[in-house]
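The following pair of complexes shares a single chain, subunit A, combined with subunit B in the former and subunit C in the latter.
Here is the complex of A and B:
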């Protein structure tokens, strides 16, 4: 009997060991994949694949960065001097303009003369910048040069104020509006959810009778199980019109609406964790407080809440964590304008909503795709920091009770 | 009489925890309550600062008098009563605050905000609890940094700060080492001058050492109540004798 038992135990041990190492490896691989794909962005050319930017070879400009490209093509920069060139206004030449200058005959049946003509145009205009497919510039004449485009830099990504992933010739991947949108919506949600959640937690643990608590607590836990699309739908149909009417604004899809929904979604976490923390306050502490003539409220805010404060902070952080990562509901009610928000009654776009909305249309391996992965990395870092902080807090909590 | 109980019956739900208790405790004495575990000593003690009020589904009949006043009378404010009747619990349980704030707590919750007065009372209370010399240089450190015995004396200081006339102590030394225990016992001896003390203890020698009067409880009844000397040398009741000698032998 003893011998086979040993074998079974060995086997089980092996199985457990293997499953835990497989899990760790999978998690590690996912993280590596995320970062590898994301950081590819900084090694990719900013100009769309197969396209190039060409200038007259007399032009002293050697390279150009994504923001400058965008500003030139938007007309915000109209003189070469602005980016360090000659005092000369910029002549913007888009590929399709060639067809209004030359007839189809002049370009040839199979456009065989097109490269020649392009070269001519560039040669004639010292102030030109032209954007067209590289295949028409197989042999570059001495009058023409391709302008080197710098890769997207980390600072462009981290400090960029514009998220325009599909503009040509060069998309912009500035995450500032998305990060601000995410933080705004999340912190506003906590601001709404915290007083409410704490109030309910105090009510449940200190005031409600066991019977009332027995009804409310499971109901709240049930809230946590509702899929987020349902919350989003509820928000879209009920809260959006209300915000629109009450706030008297043109569109009810705002940061505030998103925060409301997130607050409702974060409530169960905040309530159950902080209620547990409050309940864990030793009876002896409460009784000592009462024995000194303190009232129930004095005991709650002078003893119970300070004692439970680490648990309550953990609840807040987990609530924020949930809010930051939440995708669907937010996507449905915030309007998704990728601009830096100036008020809570403006449309915003969060990081997860961006990923969900754009991944489908981003070509695999392209810069847009890589940028979305990098957004995933940013989100991962956010939640990582939050969980480290909550870990530290709960460590503090255990050392206090010990 | 400082404390009087007249025909007290107390129930936890259907459980009859105290049965027809009558007792009269004079001022400035130490009364020890002894008896086997679960006989109702704590329940009885907690009647006198109305600590049992916080437990749901209980019932009390009879009269609890403090200074001749029925403390369960509707006109009595519970917080006023508790200012007059302090309590020290079995386990040292300082608040998660500084030493100073622990002692000042009772004053503050009772509406006292005069900083100078509070500081004076904190010092006096810590002196009275024989703790001042050990903590005077670290008043603003966490109370958790103190040893168990120091924490218990801090809890006594905390109770003394609001100037009660009665101190209820529920096994105040049972969680402490012998040296800390003897310090607490010395302290009780000194405090007797100013306070009326009721102490629950499982330690017969302790009861014999610190108390003037002793009450013996069993199964929710007060079997015998008399002077401590008489109780330990010459108990009237056979159950008392068995209990005391059983413990000693």
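Here is the complex of A and C:
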């Protein structure tokens, strides 16, 4: 009977080994996929793929940057002089307008006359800027000039201050407002959750009787089990109006509201981890403290908390990690305005909320899709750094105990 | 035990046997298609229609890749999407199944009850920031928008903002329900929602597209006689080679019975 048992053990061992290696490979593949898709963004042109911007060849302008393109098509820049051209107002020409100038018959059944008509329009208007598919401009006539467009650069992404992913002709993918929004909401949440969570943890482990503890602990664990969309709904209906009234501000969807919700969501993590750390304080240390005549409170803040400090720091960092990655609740209460926040009573847009809200309609493989994947990479880097730091801290804790 | 196995196998075979028609695309059209598909299945038990959302763009790209038979869309097909279908050697059929009007809504406490298109453009592009500039009280305007993924967002941008961008950092909410909720509790708020979603928690604004000569309120009569300006058609797209396959369902939704579903769901019928 001993022999087959050994085989079973071996088999089980093999199965465990295989499942763990498969898990790690899958995780690695996900990360590779994420980065591969994301970095495709820097191989995409500034102007929407397959489209070009064309001007009359008499126009001296040779190069327009993405922000200027956006301002021109928004009508904020309406004279060529503003960007270094002639004193001449800008005539905007979007591709769809061709269909209101010429009928389908004039353009031909398969649009074979379209390139010629486009060329005519550009030749007739020296102040034109036209935006249409490149395939209609294969032979550029002498009257027409294509504006040279570069690829999206890393600096456009990392330092860009505007996130307008669906703007034509040139979408803007600046992550500064999103990164700042995410960090602001997460750190504010920890600032609110930390004193609360630490208080509860100390109370539970040092002061509460077993009976009270038996009620509070499961209640807190229940808090961790509530789906985040429920938190979001609660926030939208209850907390948003309260913040609006108490803060006397025009709209209740603010960074502060988001961090209140996140604070509640991060509480269970912070409480359970720091409570464990506090409980791990050796009895000998406490007893020595009491033996020296210290009161309970003195023991808590002179002996227990310093001893548990690294565990508490780990709790903070894991709490931040929870807050940074949270999507649904934040999507519902922060208002999602992609603007660099100047105060905590302003709307912010976080990275996870952006991905969740926009991925549905982003054409697969397009620049918007790639930009969202790159946002995923940024988020991944954030949480990776946080995990490494918390790992280092708990290592410090173990070495201290040893 | 045996019974369950037989049941499972027969169910499995049944599933394999039915060639389901797939409809995919706009979330705006989704409730309509779902309702229609359910009733259609009741009348024709042999045929199955499966309906999924995801957005107009998702539906059309599924049509191009051949993973759906009908694409439902709350916007007209874009030129380059049309080109892709032509390149694959297919031709496209477009059917308008209903109309939807966009209503501009404000908080019930707001005194302003009419706005021109130019004023709306100013508000949503961030040039007008206080209600007193458009005849209201001295109160900051808080515009709410839908998320960029929504067909409603695109349509409002095209029709009202004349393709200009929304002001940077405009608040954008993931769903129509959230917009109504926020507007009902924020005094200076303004936003836009589909006509079907209107309720008493918010106030509807009369719109003028002729620089203030006539203001029109969105209601069924005004939408049908085309005096209300912010109206969009809802479309079904399919490839002409699939015409026979989808004909039954498309005819059903255009029939008087199907059009009754259109008005039950809250959209405006074709006639």
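Following the convention adopted for this analysis, the second predicted complex is superposed on the first by the 326 of 402 C-alpha atoms of A that agree within 3 Å, B and C clash if a C-alpha of one lies under 4 Å from a C-alpha of the other, contacts with A are read in each partner's own complex, and residues count from 1 in each chain.
The rule we apply is simple: contacts are C-beta pairs under 8 Å (C-beta built on N, C-alpha and C of every residue); 3 or more make two chains touch, one makes a residue touch a chain.
Small disclaimer: the values here were computed from a predicted structure and weren't measured.
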Consider subunit A as the common anchor and indicate whether subunit B and subunit C clash or fit when overlaid. fit
I want to verify the contact counts: of subunit B and subunit C, which reaches more residues of subunit A? C
When the two structures are overlaid on chain A, which partner does A:338 contact: first (subunit B), second (subunit C), both, or neither? second
Contacts for A:295 in the overlay, against subunit B (first) and subunit C (second): which applies, first, second, both or neither? first
Who does A:306 touch here: subunit B (first), subunit C (second), both, or neither? first
How many Å separate the nearest C-alpha atoms of subunit B and subunit C in the overlaid structures? 50
Common interface residues of subunit A - those touching subunit B in one complex and subunit C in the other: none
Subunit A residues touching subunit C in their complex are 50, 70, 73-75, 94-96, 133, 162, 164-168, 177, 236-237, 240-241, 244, 250-253, 331-332, 335-339, 347, 349, 356-364
Which positions of subunit B touch subunit A when the two form their complex? 49, 51, 54, 79-80, 82-83, 86-87, 89, 91, 93, 95-97, 105-106, 109-110, 144, 155, 158-159, 162
Which residues of subunit C touch subunit A in the complex? 54-58, 61, 79-80, 83, 125, 139-140, 142, 147-150, 154, 163-165, 168-174, 178, 181-182, 185-189
List of subunit A residues in touch with subunit B within their complex: 282, 284-295, 298, 302-303, 306-307, 400
